[in-house]
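After this come two complexes, each holding chain A, first together with chain B and then together with chain C.
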Partner chain A sequence: MGKLILMQLLNGFVWGWLLALISIGLTLIYGQLEIINVAHGTMYTIGAVTTFYTFILFKSWSYALIISPLFMGILALFIYLSTIRFVVGGSPITTVIIAYGILFILEQLTLLIFGGVPRTIPNPIPQSITLFKGISYPLYRIFCAGFSIVVITLLLTFLKKTKLGLWIRATKQDHETAAAMGISVPFVFMFIFVLGSALAALGGVLAAPITGVTFDMGNNIVIDAFIVVIMAGFGSIPGTIVAALIIEMVIGLSAAFVNPVIAKVVGLAVMLIALYIRPQGIFGEE
Partner chain B sequence: MKKKSNNKLTRRDFIKTTAGAIGGATITLGFPNIILAKKRPIRIGALQDLTGPLYSFGRWGKRSVAGAVKRINEMGGIAGRPVELKVEDSATNVQKGVMKLRKLILKDKCDFIIGPCNSGITIASAPIAKETNTIFFAYGTALSITAHKGNRYIFRGINNVRHIFKALAMTVLKEMGKRYYCMGADYEWGHSVVDEAKRVFDKEGGKLIGEEYSPIGTEDFIPYLNKINPDEVDVIIAGYFTKDILKLATQAYELGLTKKVQIIGGAMPTGLTVKDLGPAGDKIWFSGYGIRRIANMPEELKKYNLEFRKRIGMDEEGRDIKTKEMGAASYTWAPWEHVYWVKKGIEKSGWNSKKDNLKFMMALEGMHVKASYEFPQGDKTMRAEDHQVFASQTVSKIENGKFVVKAIIPGEKLYYPPLVDYRKEKV
Partner chain C sequence: MASFYKKRNNLIFFSIIFLALIILPNFLGYYQRYIIIEMLIWGLYALGFDIILGYTGLLNFGMSSFFGIGTYGITLSVLRLHANLWLAIAITILACIIFSLVYGFLVTRFCSHYFVVFTIVVSMILFFVAMNLRSITGGDEGLTFPVPPLTLGFVTLNLKNITVKYYFVLLICMLVLYLVWRFFESPYGKAIVAVRENEDRARALGYNTAQLKLVSFTLSGTVAGIAGGLYALHIGFTSAPIFFWLLSGKAVMWTVVGGAGTLIGSFLGAGILVYAEDLISSWNADIYPIIVGLILIIVIMLAPKGIMGALKRLKKASF
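And then the complex of A and B:
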């Protein structure tokens, strides 16, 4: 039983970091633009789909680590300029409807181009590490957790140490004051939307060799990402990391004792308890 | 003086006039109706999973029904009447599927329905078929469809999961270890696969080690697979299809489980190539309802299947001729044959409208058909009691990068006693 618990906790830890990476994109967009981006899951899907095509083209998965977020970034720029910028600051209903529209268009385009058949990408690191006698764990998953930690650390450093990072933090605190201080708020909004979308795509790149690629694969992950962001408090990056790790490790631990579907319910119960104690989220402001 | 009336009606005049009036009325009122009845197209509704998890089945099901209808119309229709096709997408969703079924029956006035591969939708459709007096052909393969959850309006022209495990029991099961672990998609079909596996393994003296179900579309199987100790399990029964079986097999391989444990798939890996399945693929046994590669078919079936595949745009390897995307060869023949079951039933019963549905049912009950262009999968019998077809079943494995058929079991050897007798139902 001890081995099983450790294996489930390790799996929860790995998924926790991957989910944190995806959820940070969502929370960044909400924190700045106050848009509930329900299309975030589709952006994750697009990351995975472009990974598939990159693999076909270059016979290597690693190129997708650059190409997919870049492609999604350009697409996000187009989406921002053509629609999002007109609804920033609008009513929540308007922004959600627009985001839903984007979701449907992107998902149907993906279906049209990629098709409905699931595809696979060979595991880039097929080796496993032996944890106990006869029980091993895929090395690629550990790489995914490590890579997510590196990207999140770089992102936090960027936000803290660079001029643009300062602009972003300032804009988050108060749009109007930031604008009065000479910060180009529309540019910050655009940059954040592109960055958040690219992070979702990067999550898709990492997940694709594990889960395979389907046109609707983002539908499940976006729910998990929303749970994390709500528990963390919208807009909080440290909260998002902590919430993702708590939820996934609780789910992992529970899955050792009950069916993993029930374990998900336990994860939701943890979110509800956390929200009962801190309605503004773990790291949310009053 | 009173004039003699010219209007006096003689008996002869009366007979003449009455006969003329009746004849005229028949011509003016009745005859066009007869003509209309003769010419009114027979409407077939195809409810297929065109989007959602069973998309791979649905898009080929649609092509298959459309191909059969086109061929029938080219050859003069059914009993001189053209066939019209209406297609709806169930979205692999029970609620949407049922809504679309009602639309096909009530708005589009379809006479027959060719149902989807989704067992859940089929089961939800059964009472609607009965309520609306509409005959429904099913190719979902959960056992219950032609048992306690079906009714006299439901006919299934494809084998079911009981046939899968009967075929496996007759071939490879004896050579496998007895300790088995069941996993299945958490809906009717997945549970049906697990139930049948337990039934067969128990007869063979097997020992059930564990049983888990997961939702359709589960991304990560490791929380489930972690519970399997390879020193205590010989076989994993996997009641999953398409991407789910792919993920399960790949992740079992990554955990190192497949070094010791074999996997039995509850369905052929529809839509997936050998390459898609990767190194985990050759660890799985499959039992299928049809044969994917023409090269693996018995000689006598090849010409029928070449023609059938040409009409639906499928190549000899089971791929889309244009895109080279893998199709659903193990299932696709069933919707095609369902259209021909409709044709056979109408021709034998003299069916003219839904009022004749009982005659149609009685015509199909117990009908035997031979391998032909109409029935390319091979000989089969529609059992009278439960409307379940008994057709051949294959056992396959991947060897040297190709699907190899290890055994073909004829339908008559897959017999099991009927679980219901629909003939007792009033129509």
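And then the complex of A and C:
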């Protein structure tokens, strides 16, 4: 039993970082454009699906680390220019309904192209390492967590140190003042939407060898991502990381005792309790 | 005076539609009646969504939860409790009220963004739970149940008969529509609209806005639940995918296309789009969700007030 609990906690830790990567994309888009991107889970699916096709084409998983986010980024650019551009700053009802329409189109297109049959991608790093005596853990999962940590660190450094990062932080504080200072706010919006979508796709690339690829795999993760984003307080990146780790470890731990679906309900309950204690989110301001 | 004429005109207009719907089945075949029944049920479901979006200003993206509770309310009370029709309906309505009250109590205190996300999360979790609890819900294979007969005193009518079913569904839809309309004409209903317009001001005027939102949420959930119950009686079958968010999206689409905040717009939007769905699905079923998405995007960008809004604008322009 102790072994199982330890394994579940480790899994929760790994998934927590992966989920943090995906949720940061969601929270970035919300923090800048104030759009709840309900299509985020489908973007994660598209990342995994392109990984599958990349694997078929090049017989190697690692190319997908570049190709999938790039593909999703271009797709997101198209989505932004054709629809989102016109509704940024609109009422939440308008923006959510637009995102919902995009979700339907993307998901059904994925189903039409990829088909409903689940596919698998062979594990790129099949070795395991022994952590404690008697407990070995797949190396690929540790790589996943490590890779997510690196990407998140790079992202945070980018936001802190570069000029574009400064623009982004300024725009988040106040659109109008930022525009008055000569920052191209529409460009920042576009950049953030593309970046957030690419992060979701990157999450899909990392998850694909673990979970396999199905056309509706995003529906499962997007719930966790939404729980995390609410719990963290919309728009807060450090809060998102902490919330993702908490939620995934709680879900992982409760999955050791109950049905995995009920474990999701436990995650929801944790979020509710957190919201009643801190309505503005873990690291939320105000 | 103007509002009196407006009201009288509306009354005449609705009476004509109602009469047409009563007389129409005599001239229609089985299939057309079947489609009209579906339109009415989906219209009622969209009406439930209109109450929460159009009249309260809250975007509930989890309407399928209530619809699902309604269908399972009827199915399980007939299958497990061997209830007759009226008892099953009573149990279903009660279950919907309790579910929406508890759900609403948890969720209506959140502001708009949190509310949207919360309803999505809850509806998806309900979907996964329903898919996994096969012993209760039947999963995606679903449950088939014998539709109980309609008993009115000494008369027993078979709900499988399309004519009986037609008038039964029509009667319930019109009754609910009338009650909801009367509710929003009452001072209490007007107070709910005040919450939509400006919640802070409504609170400053002394209204208990949390309670108003909760009442509206419960009414909305119950109406959608009744629609779900009718749907279960209509097809005699229920399955877990009913909880999936495609159905919630359809409620949004029908109401937005018809015109939110107009009550009748939900029926209009559902009527037109259910017919369109039928046409498109007979041609290519896979393409329908893509068209749902496109319609949503186009309508919200070009005509956010929907068909009813466009009609009103037309009427204003012509005078």
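We take it that the second predicted complex is superposed on the first by the 274 of 286 C-alpha atoms of A that agree within 3 Å, B and C clash if a C-alpha of one lies under 4 Å from a C-alpha of the other, contacts with A are read in each partner's own complex, and residues count from 1 in each chain.
In this section, a contact is a pair of C-beta atoms (placed from the backbone, for glycine too) under 8 Å apart; a residue touches a chain by one contact, two chains touch by 3 or more.
Because the structure is predicted, anything quoted here is derived from the model rather than measured.
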- request: Please tell me, clash or fit, for chain B and chain C sharing chain A in the overlay.
  value: clash
Query: Touching A:Gly252 in the superposition: chain B (first), chain C (second), both, neither?
result: first
Query: After superposition on the shared chain, which partner residues are touched by A:Val261: those of chain B (first), chain C (second), both, or neither?
result: both
Task: For A:Met217, decide between first (touching chain B), second (touching chain C), both and neither.
output: first
Message: Under the stated touch criterion, which partner chain does A:Leu111 make contact with: chain B (first), chain C (second), both, or neither?
response: both
- prompt: Touch check for A:Thr120: first (chain B), second (chain C), both, or neither?
  reply: first
Message: In the overlaid three-chain picture, which partner chain does A:Ser148 touch, first (chain B) or second (chain C), both, or neither?
response: neither
Task: Kindly classify A:Thr83 by the partners it touches after superposition: chain B alone (first), chain C alone (second), both, or neither?
output: second
Query: First (chain B), second (chain C), both or neither: which does A:Thr27 touch?
result: neither
- prompt: In the superposed arrangement, does A:Asn11 touch chain B (first), chain C (second), both or neither?
  reply: first
Colliding stretch - chain B into chain C, listed as 57-65, 93-101 or 399-407: 93-101
- request: Please identify the positions on chain A that touch both chain B and chain C, taking each partner from its own complex.
  value: 111, 220, 259, 261
Task: Please name which positions on chain A make contact with chain C in the complex.
output: 30, 36, 38, 83, 86-87, 92-94, 96-98, 100-105, 107-109, 111-112, 219-220, 222-223, 226-227, 229-230, 234, 259, 261-262, 264-265, 268, 272, 275
- request: Could you pull out which chain A residues touch chain B in their complex?
  value: 4, 7-8, 11, 15, 111, 115-120, 122-123, 126, 128, 134-138, 140, 207, 210-212, 214, 216-217, 220-221, 251-252, 255-256, 259-261, 263
- line: In the complex, chain B touches chain A at residues 51-52, 55-56, 59, 186, 212-215, 217, 219-220, 222-224, 226-227, 229-231, 242-243, 246-247, 250-251, 254-256, 271-272, 276-278, 323, 325-326
Query: Inside the complex, what are the residues of chain C that reach chain A?
result: 53, 59, 61, 106, 110, 112-114, 116-118, 120-122, 124-125, 128-129, 131-132, 245-246, 249, 252, 256, 286-287, 289-290, 292-297, 300-301, 304
